[in-house]
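Labels run A, B, C and D following the written order; every chain starts at residue 1.
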Amino acid sequence: MIVLLKPNTSNEQVANFENWLRSMQLQVHESRGETHTILGLVGDTTKVDIELIKALDIVEDVKRIQEPFKNANRKFHPDDTVIDINGSKIGGGNFALIAGPCSVESEEQICLVARLVKQAGATMLRGGAFKPRTSPYAFQGMREEGIRLLLEAKAETGLPIVTEIMDLSQLPLFENVDVIQVGARNMQNFELLKELGKTQKPILLKRALAGTMQELLMSAEYIMAGGNENVILCERGIRTFETYTRNTLDISAVPMLKSLSHLPVIVDPSHGTGVAKLVRPMALSAAAAGADGLIIEVHNDPAHAKCDGPQSLTPDAFAELSDTISKLRSAIQL
Amino acid sequence: MIVLLKPNTSNEQVANFENWLRSMQLQVHESRGETHTILGLVGDTTKVDIELIKALDIVEDVKRIQEPFKNANRKFHPDDTVIDINGSKIGGGNFALIAGPCSVESEEQICLVARLVKQAGATMLRGGAFKPRTSPYAFQGMREEGIRLLLEAKAETGLPIVTEIMDLSQLPLFENVDVIQVGARNMQNFELLKELGKTQKPILLKRALAGTMQELLMSAEYIMAGGNENVILCERGIRTFETYTRNTLDISAVPMLKSLSHLPVIVDPSHGTGVAKLVRPMALSAAAAGADGLIIEVHNDPAHAKCDGPQSLTPDAFAELSDTISKLRSAIQL
Amino acid sequence: MIVLLKPNTSNEQVANFENWLRSMQLQVHESRGETHTILGLVGDTTKVDIELIKALDIVEDVKRIQEPFKNANRKFHPDDTVIDINGSKIGGGNFALIAGPCSVESEEQICLVARLVKQAGATMLRGGAFKPRTSPYAFQGMREEGIRLLLEAKAETGLPIVTEIMDLSQLPLFENVDVIQVGARNMQNFELLKELGKTQKPILLKRALAGTMQELLMSAEYIMAGGNENVILCERGIRTFETYTRNTLDISAVPMLKSLSHLPVIVDPSHGTGVAKLVRPMALSAAAAGADGLIIEVHNDPAHAKCDGPQSLTPDAFAELSDTISKLRSAIQL
Amino acid sequence: MIVLLKPNTSNEQVANFENWLRSMQLQVHESRGETHTILGLVGDTTKVDIELIKALDIVEDVKRIQEPFKNANRKFHPDDTVIDINGSKIGGGNFALIAGPCSVESEEQICLVARLVKQAGATMLRGGAFKPRTSPYAFQGMREEGIRLLLEAKAETGLPIVTEIMDLSQLPLFENVDVIQVGARNMQNFELLKELGKTQKPILLKRALAGTMQELLMSAEYIMAGGNENVILCERGIRTFETYTRNTLDISAVPMLKSLSHLPVIVDPSHGTGVAKLVRPMALSAAAAGADGLIIEVHNDPAHAKCDGPQSLTPDAFAELSDTISKLRSAIQL
């Protein structure tokens, strides 16, 4: 961490400030220029509150050298994290293909889609039970009953299930859920992240619409600081000025996050674009960029899905895509 | 609502679709062009799920004429909502000046600041007890104890208090809090909004970093649909590419939201800019644009605040600002 | 085009408006609802000025059904445009690999890089002679002399050359340049676009930092409306709030633009990310998404390039990438 | 400027690098930490190419302490710049009210509007002769004839005129124009800026849709580096995800730019919002934030304007606004 002091700082102020920094187990290297004094801080600066230092009268600017995340940082854990979800692995060369409908709608529906996506190569089943919807008047999901139906589909097909939690109070219902999804709108629901950090459940953490990559990693850090290292990062589109797509899927987040962190990184091309015809090319694109997996909406009858239908694939289209991804990955030796 | 059908839709498909729409108590007006058929839907389209209709095979596009929010809509409630908070009013020409420190840090601090801002013209006291912080290693607020201290400051000064809730489970602690703040990161925490809709507490609802004005109004609608009409909207900056300010404070949201909705609209120039020297001009700017109030960070000792110090005003600067706002408002007859 | 009239429009106003529309060779279909009247306009609405209609007192809203671009529109030209640049083709399955240094710096440099990228599979040579730089104090390119050196490299290697024009007055210097690049900052330099439309030179048109896909296509339309159909669209990153990358490369623009238009679409992963380690994964990603080509910065000595060094590849890295792209494209049958 | 070297940099590399820096007339202060070496550079770093340094193998990061602009920098010119435009002043407490139609349409129109806005308190007349339009099929302005008509309106009313240049080749036509406007799309048309720097004409420089405040100041620097110090900065809205307004008017740019630079800063609430009902509140808001002026679209007949009608004020509304701005400015002692 580098602290730039204001031009008129007195020697006494500098000395007091340095003593305070040393009391936090930091080494301080001082460099005096003609107008500015620069302090280089060495040690575990992860836990230094940069805002607090910026607020001091004598400080002009502060710059981190080290990233503010530690458990999620590849520098301290060079090897890829591999998460084993009931035998289905993700990370370290293991590619996860998570598929299923936007919402669980009935036992027939979820079990049918589960069978179809399993045949087509899916390694996990997704399906929404609790649904975050912009409007209070829109379908809010089957909720508790939806989770029960997902567990039936799991029992029938053996596919691990991924579904979204919307509030801390729902946590007991997720006991038999394999991967708990934290949606984009909850990426910075810190109370929820802290509680999830106390479990050992794999957490699929989606990037917020206005979330920087660093903030996504800091939210992973919240979970990991609690003791749960099983975090899967998910790029699902950020909000920009472009209107032809619902969001702008930031594929560059895949290689960037993987260089910064050892955690697996997956991509959601369905919500990331909101346009069915873009799901295939963006899924291939994500795979080519080195993603550790994909989460894709597949519906037996996209035209009648209760939500987000416009971005769902048919089971046949998903099967073709699954096959093409395998070819792509082996061609470029991923 | 206008539905544009695809060029090759058969007569039978059109008829089936129209029957289904009529079953939802909507009137349907059909207009056939050479290539496209257009349906005009009349009735209470607020509850129509636009995504569901877009998902249908025969539909090319759907456009709302009416806004998707109803309780928050000025069309149905032309008069300004006035919220009375223990005698302190907001809306309908009543200007609220909410001030206080970013975080509650001690009894001495919060009571001192409360007295100072009251003298300077504040109508309510703000102070963070539960603090959303990007890093798990940063100060997380005094939490339950912070709320206790705010209530002491209220007892001493008579100022109503405003403080942020971060999770549903904290609700019982807010029994004597006058205004519950929902932070930007929780603007779409729908489970929280639903519960708050069951109370009668005034809710200060902040716009999310990537929240559109329509989404802010839809989140207000979640609260109001539950029966709680006491919602105060707050513009606090959106995230853009600009880096000289922490966020871009969207002052145009004030007149736009007020034209769309009858709810009071306030502005947070402290978080909205993240820069102390911008707080005064942006506070004046918000007042000139017709805001119903301001929420401003004031600290007795900005240089030692535990968080967000860089954007806090001193009590003296706040007093001068309070006075200038009064002059401005009377000059332009607000 | 659908025009929604305001509720209180008189019959006479509607009739006058419809007559005016018919005078523009449009057919008008009227649909009267209880509160609103909707007009459906059929015919060549490309040339209707939507802003003019929106400005009318009686109009509440206007919505296009057809896109406002015509020459660039795939609906009217279903087959891919293939552009032949001295025997090097792009579009319709022909993949262009354009490589070279950010800036032309000397004859030795540009000829060396030209030979190296040709060996590695490049189909065209890029190099900046006129350089748009944010600061007036930064290196502005070798300008006229830079173009002369590019032509020498072309003579030596046979590679067609691509270089950027910054102002209309420079056009005579581009007589022997094979592809004229219009940079992101000039995407809406309409006077320049109009003049380029009068030539028959292939134009490589880059998307602006805040340019929507529709605006990019409208800028292509400016060139094509003048009679020059040889336009290559280029996605090179849009500006968002993310700071770990210089821009956010919008890979979804590739399949979206290709579905909307018949023009070739290429990607610039060098400027699109500003980070050398992201160039390879993003190049693969673009190819997997169906791009018709790539434009990549390659430098013999990235550490000493006069500009944009951080995002340049070495010739060896480029050769490996070129080879991997071929494998990827044949694996997924592009 | 602070340069952070990579951990494994050898003593020889450090020494070579420092010698090279000193050869650019910079003083170098070295600070060695356990892992990193930090160099503090003192001197005129404005002309150091930060990208070039970042590109070096041994450099991990570079951070400016001083802003990269010099002529536009308030640090070196503490007093406000006042520009005198034929007796009409702007800056240093002089408020400019520039008003007129979006486009010049006829002699009657421009002369009528000129008289009306002059009566209402306008200090300058605006009007578009060359019009940048997204579509090649939209009205492109009266061009040369439009400038002739503006000069007639100037002759009649004595109001100085402001109009936009779109290309260098049009410069001779602007000989008698008082203020040359550079539109948002040309903010980084560097060849144009350089030429304008060779004149002594006041330049009204608009911020680009994706232009940072620093980039706006760097573009002013292009003009000033050529010797023309008469630059007026103009905030006119940036592009964000919000769709209820055409752009997001960044009012915080006013106080921020004024703290960074001595140049006058004005605001365009018409283009900045694209919504007529927002022009008044945003104009007041800009004035309250300390703007040195406003540029506002006023049309005698907004419903029939050839472009941008939806955001124009009537002359009466403009007169009321002009009056209210005066009251506001004197109430808060601007």
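Heads up, the rule we're going with is that a contact is a pair of C-beta atoms (placed from the backbone, for glycine too) under 8 Å apart; a residue touches a chain by one contact, two chains touch by 3 or more.
Note that the structure is a prediction, hence the values are computed from the model and not measured.
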Chain located farthest away, centre of subunit C as origin (C-alpha): B
Mean-CA-position distance for subunit B and subunit A (Å): 27
Whole-Å gap between the CA centroids of subunit A and subunit D: 39
Whole-Å separation of chain centres (CA-atom averages), subunit B against subunit D: 32
For subunit D, residues contacting two or more additional chains: 210, 238-241, 243
Graph class of chain-chain contacts, one of line, ring, star, complete, other: complete
Contact footprint of subunit D on subunit C as seen in their complex: 46-47, 49, 51-52, 54-57, 68, 132-140, 166-170, 185-186, 188-192, 194, 208-210, 215, 218, 221-222, 225, 238-239, 302-310
Residues of subunit B defined as touching subunit C within the complex: 2, 4, 27, 29-36, 38, 40, 42, 60-61, 63, 65, 239-241, 243
Contacting residues of subunit B [partner subunit D, same complex]: 210, 212-214, 238, 240-245, 248-256, 259-260, 272-273, 275, 277-278, 281-282, 284-290, 324, 327-328, 330-332
